[in-house]
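Structure incoming, see below.
Chain lettering (A, B, C, D, E, F and G) follows the sequence in which the chains are written, and residue indices restart at 1 in each chain.
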Amino acid sequence: MPRAYDRAITIFSPEGRLYQVEYALELVKRGAPIAGVSSPEGVVLAANEAPESRLEDPDYYRKLFQLDDHVGAAIAGLSSDARVLINYARVYCQSNKLLYDEPVDIEALTRRIGDLAQVYTQHAGVRPFGVSMIVGGVDRVGCRIFSTDPSGSYRGYRATAVGRRSEEANRVLEEGYRLDISLEEAIALALRAVRTASEGSPTARELRVAVIPADTRTFRRLSVEEVEKYLR
Amino acid sequence: MPRAYDRAITIFSPEGRLYQVEYALELVKRGAPIAGVSSPEGVVLAANEAPESRLEDPDYYRKLFQLDDHVGAAIAGLSSDARVLINYARVYCQSNKLLYDEPVDIEALTRRIGDLAQVYTQHAGVRPFGVSMIVGGVDRVGCRIFSTDPSGSYRGYRATAVGRRSEEANRVLEEGYRLDISLEEAIALALRAVRTASEGSPTARELRVAVIPADTRTFRRLSVEEVEKYLR
Amino acid sequence: MPRAYDRAITIFSPEGRLYQVEYALELVKRGAPIAGVSSPEGVVLAANEAPESRLEDPDYYRKLFQLDDHVGAAIAGLSSDARVLINYARVYCQSNKLLYDEPVDIEALTRRIGDLAQVYTQHAGVRPFGVSMIVGGVDRVGCRIFSTDPSGSYRGYRATAVGRRSEEANRVLEEGYRLDISLEEAIALALRAVRTASEGSPTARELRVAVIPADTRTFRRLSVEEVEKYLR
Amino acid sequence: MPRAYDRAITIFSPEGRLYQVEYALELVKRGAPIAGVSSPEGVVLAANEAPESRLEDPDYYRKLFQLDDHVGAAIAGLSSDARVLINYARVYCQSNKLLYDEPVDIEALTRRIGDLAQVYTQHAGVRPFGVSMIVGGVDRVGCRIFSTDPSGSYRGYRATAVGRRSEEANRVLEEGYRLDISLEEAIALALRAVRTASEGSPTARELRVAVIPADTRTFRRLSVEEVEKYLR
Amino acid sequence: MPRAYDRAITIFSPEGRLYQVEYALELVKRGAPIAGVSSPEGVVLAANEAPESRLEDPDYYRKLFQLDDHVGAAIAGLSSDARVLINYARVYCQSNKLLYDEPVDIEALTRRIGDLAQVYTQHAGVRPFGVSMIVGGVDRVGCRIFSTDPSGSYRGYRATAVGRRSEEANRVLEEGYRLDISLEEAIALALRAVRTASEGSPTARELRVAVIPADTRTFRRLSVEEVEKYLR
Amino acid sequence: MPRAYDRAITIFSPEGRLYQVEYALELVKRGAPIAGVSSPEGVVLAANEAPESRLEDPDYYRKLFQLDDHVGAAIAGLSSDARVLINYARVYCQSNKLLYDEPVDIEALTRRIGDLAQVYTQHAGVRPFGVSMIVGGVDRVGCRIFSTDPSGSYRGYRATAVGRRSEEANRVLEEGYRLDISLEEAIALALRAVRTASEGSPTARELRVAVIPADTRTFRRLSVEEVEKYLR
Amino acid sequence: MPRAYDRAITIFSPEGRLYQVEYALELVKRGAPIAGVSSPEGVVLAANEAPESRLEDPDYYRKLFQLDDHVGAAIAGLSSDARVLINYARVYCQSNKLLYDEPVDIEALTRRIGDLAQVYTQHAGVRPFGVSMIVGGVDRVGCRIFSTDPSGSYRGYRATAVGRRSEEANRVLEEGYRLDISLEEAIALALRAVRTASEGSPTARELRVAVIPADTRTFRRLSVEEVEKYLR
């Protein structure tokens, strides 16, 4: 039963664990499921955005965010914490564009988000961010997917899922993924992973999808009708 | 029985919860009921402002605030905390007008309020704000309602209620809401939601209503006589 | 039996209460009684300033303060804490006069005092102010009375009492108040409220009264002889 | 048995008390007795400055300090803490003289000392001053005596005593004081109060007296021979 | 059972130990194994970078980093912490080149990394870095290997291994090392040390190798095919 | 058994005591004995500087310090803490000479040292100085001796002893002191006080003496041979 | 069993001890043995630098450091902490040379190191340095040896040993030291002291010696062969 480690801000336990970071991960693991899948034809981000009430306005987005023309992010965890990272990432994209006159590298962007998150795990007076993100986009290297967590660590993936029941969602991804997967198949696979991890079986209204095709390199949200097509 | 988490300022519990934020929500849940309803013809904010004493001056407002010409807010929780957010929102509206020469976007305004509230949940040396808000107004997108809470999260709604017995008030809203609801009907519905959540049955003197009609886009408080009309 | 909440500076208890603020209110509730009454003819502030010793100098004031020509305040609680707010209010009155060339609005002044008090309830490294105030004066709106408390909240009143046994004093005010009360009657009512809440029955030497008449809009302290007149 | 309140710096106990301030007062109550008496002919400050050892040098002062030509102070409590306030008061007297070209008002000076002391009771990272002071002098209002305590509160007196067994010393003052007391009588009375509160019966060598006559308005220390005269 | 020392940030225990530093070392000891071997012909860094999932992208590096043309580093522990040190080291290399127009000395670089780590063990408000590093490269002195740990200490080695089961890996190194070892042999030896410390027997896809040959003095990563060759 | 007061930095205990200051005094009371004696012919400072080891270098001083031409100090307690005060005092002497072109007043110098020490007893984040000092010298007032302690308080003396068994040393001083004591006699008396308080009976090699004669007003250390003379 | 004192940063225990400083000394007492010996012909510093592993690089130094041409230091304790002091000392030597155009005085240098160490024992937010040093060199005064400890205190010696089993090493020094010891003899004596305090009997490869001869006043490390010579 851990006790003392809860009190101080993000220090090591005798086993060398950072409890505050692990507790933040517990919050992430209870978050609504998200997934990202890369294909040679583009990158897909998907999320369960089921509203809490029938009167919730469907016209604003809570889980999928555009960071720049060619890159977006899906979040799992505390949305107010996520906004801090999203704002930070957007500023980084813009200043990168101004400085170097070219779209930001997806890994460099993810590393930067992770670097900010790391600071909140090593200094007193703050708590870690209670959010994990899947960052996906198309840059000079190709179609790429990364995920970050509250420790500030990140990893590159071809496809990955985060949030509630992510083990099951990742099993769906591992079974369905091929290196030559088409963008259409990637959308269907991402949606399947998110639905597998969701409670009940969410409808097209409750699922959100964004794609960054390799040719246009432009973030685009799918309409409810388009999502519907992939659920059949 | 939570213990250690109470002592340190807003850190994660082992289950990944932020107790200070949840305790602040307890304060909000004991606050006098407020409601917001959007209609194609405008937005309605309503609140129970029953005075604590017969000698209280009825000519000042405690729950409904104008933020800019086209946007207002209702608050539930600690009014002194709310004023900090209200002041911040008003400054943001004004500087937005100066910078871009156009009325602020309602979602952008709400997000900004939430961003400030989030800071108070992640840094030591402060406590979260003990207040939730319904922000409503008419902007280029249309008639819109958002609500924020002490975590800094926000959501968009067509109609929503916050504060004491908000589940019952929200049930009233869900039953009575239609997408084509008229402004008159929206006022009546908002008042019904607030009265349902109130103790006793408050009179027109104790209920406050503000509307932002879609045509004028101008915040206006209803007189006691006008409110009376909707209670019949 | 609250425990942990006492240690940290003004954080929420599980029930969403701010214990430090409530403890400060305990101090206020033990303070000598004060009252404020507004009449169409002016505003009255009254206080029990019974000295602690026979050798105390009667020629200085401890409970009633002039803030500007047209506005004053009565305090209940820790007088050294009150002075911080009094000094702050006086500076605000002066700078308001310099900036806008008109007397400060009474509600705006009270809100400002409350805003300062609120800061001391949300940030670590300080404790709340152990004082409540009745602010009264005459401005463009009319004759007005407000009260603030250690949370930084404020409310408008026609008449109100704060401090020791304030329930009884407020009952006296509710019974005796009329909307068309004369200034003379208002003085007598305020004194009756203060005496009711006092231990023993204080004499004219121990009671202090200040008035801001609607015509002169000028703060004036009553002499012992004048007070005497109202006690008969 | 108070416990938690001791740990944090000057926060409220559930009864609304500031323990650190009360503990500082305990220190004051153990301090050597001091007294101040005002007469129409001038102000008297007296103190028991009995040395701790026979080898102590009688030619420096520990309890009575001149603050300006027309004003002095007696201290009870921690002399090193007192020096901070004395230094602060002297600077205030000088800058007041420079700014307004007139001697400082005694109440304004005392309030200023109290304002500094108050800051040390409301902010973390410091402890209250462990000292009470009697400030006395002659200004445009007349011959005046004030006392401050560790909370930063102050009160005006005609005569008062602070420190060890101050109740008995104050009883002596109440019995012996008259409004038309002469300066000679005031000196004798102040000495009687200090001696009453002292252990044993201190001699002229152990008692210190300073006077500010109403005509000269100039602080003057009495010699051992002069003090001797009043003890007969 | 250590207790109090966990709470405060990096203070001494009665035995003169810094628990937070030791706990950070526990994290390092659970990290994937890394090794460094110097030969007269160049320096070798090797790491087990086995992915956590089949869908992880093999084209980004997590354990081996280039710091400058002639120097690289392998890390064991928390990768987000390591990035802070890596970024710091890279900036130091660049500014050294700008200031002195020559490649940085490997020991000076390692000492600098250790100096930063040391700061995090002596000051409150931060925790130590949860990472150890092997820094290797070729400078004017020759082919050199150093390792740093969370205390900020560093040591020079001819060959060393850090991370999980490092005792066994170091035994392999001690047995296989000769002063005149060739670069080819050094690569094979480093891989043997890493494989010995790994769970299961990692394939070429899971092992990463970087070399800095003495002639080119240029950091180069080996391809999967090259690594394969050394595993036969 | 005091407990809570040990944890927080220098706050008041319920009896109005500052434990950290009292604990620092415990350290002083275990320090090697020092003494100061003033005579009309000059001032004497003496200390037991018995080395801890036979190999200690006798040619540096640990207990007696020159502060300016005409003033010196002896210390009891933590020598590293004392150096901070010594450095501070020397700078004050120099800047006083520059500003006023005359040697510093001994009491003003001692008060300044005490003022610095006081700061360390009232603010968090520091601990009090673990040292008491005897400051002695010859200024316009005459030959003077003062002592300061960890609280920042100071007192004037004709002769005083501090450190281990200071009660006994002070008894020796009280018995042997006369107002017309010669400098020679003062040296012998100071040495007798220090030896009385010392363990064993220290030789001339272990005792240090410095004098500031009234005529030269110049600090001078006595040689071992001179000290020897006074021990016979 | 000390408890509370461990938690707060370097405060006094009831007996007037600084536990954090004493705990740091425990670390020093477990450090590898070092010794310093001064002779009329020069100063010797010696240390046991036995490597932890057979693969450790013998060509870097961990215990003996050159601070300036004419002065060096040996360290016992935490090497990463020592580096902070070493860096500080080197900067001080250089700036002293620039300012005064002469080599730094050895005692002034040691005092400066001690002054920095003292700061870390009196202020919160840091812990003391876990290192003791022997500073030795030749300046205008002659051949000199000083040692500092974690409290910031320092003492002058003719010969001294610090670290593991320093009592035994110091006994060796006391027995073997003569005031007219030759440099050759001093080297042999220092090595004997270090070997006595070491576990096993270290060879010339494991022992390090540096000398600063009185004639050259230049720090020089002895080769393994030279050390060998003194071990016969």
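One rule holds for everything that comes next: contacts are C-beta pairs under 8 Å (C-beta built on N, C-alpha and C of every residue); 3 or more make two chains touch, one makes a residue touch a chain.
The shown structure was predicted, so the numbers you read here are calculated from the model rather than taken from an experiment.
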Minimum number of chain-to-chain touching steps separating subunit E from subunit F: 2
Separation of mean Cα positions, subunit F and subunit B [Å, integer]: 68
Separation of subunit C from subunit F, taking each centre as the mean of its C-alpha atoms, in whole Å: 54
Sequence positions of subunit F contacting 2 or more other chains: 7-8, 124-125
Starting from subunit C, with subunit D taken as the next chain, the full ring order: C, D, F, G, E, A, B
Parts of subunit B lying in touch with subunit C, wherever the complex brings them together: 2-3, 6-9, 19-20, 23-30, 51-57, 59-60, 62, 78-81, 83-84, 87, 120, 124-130
Touching residues on subunit A, where the partner in the complex is subunit E: 4-5, 7-8, 10-18, 107, 111, 114-115, 117-118, 121-125, 141, 144-145, 151-160, 170, 173-174, 177
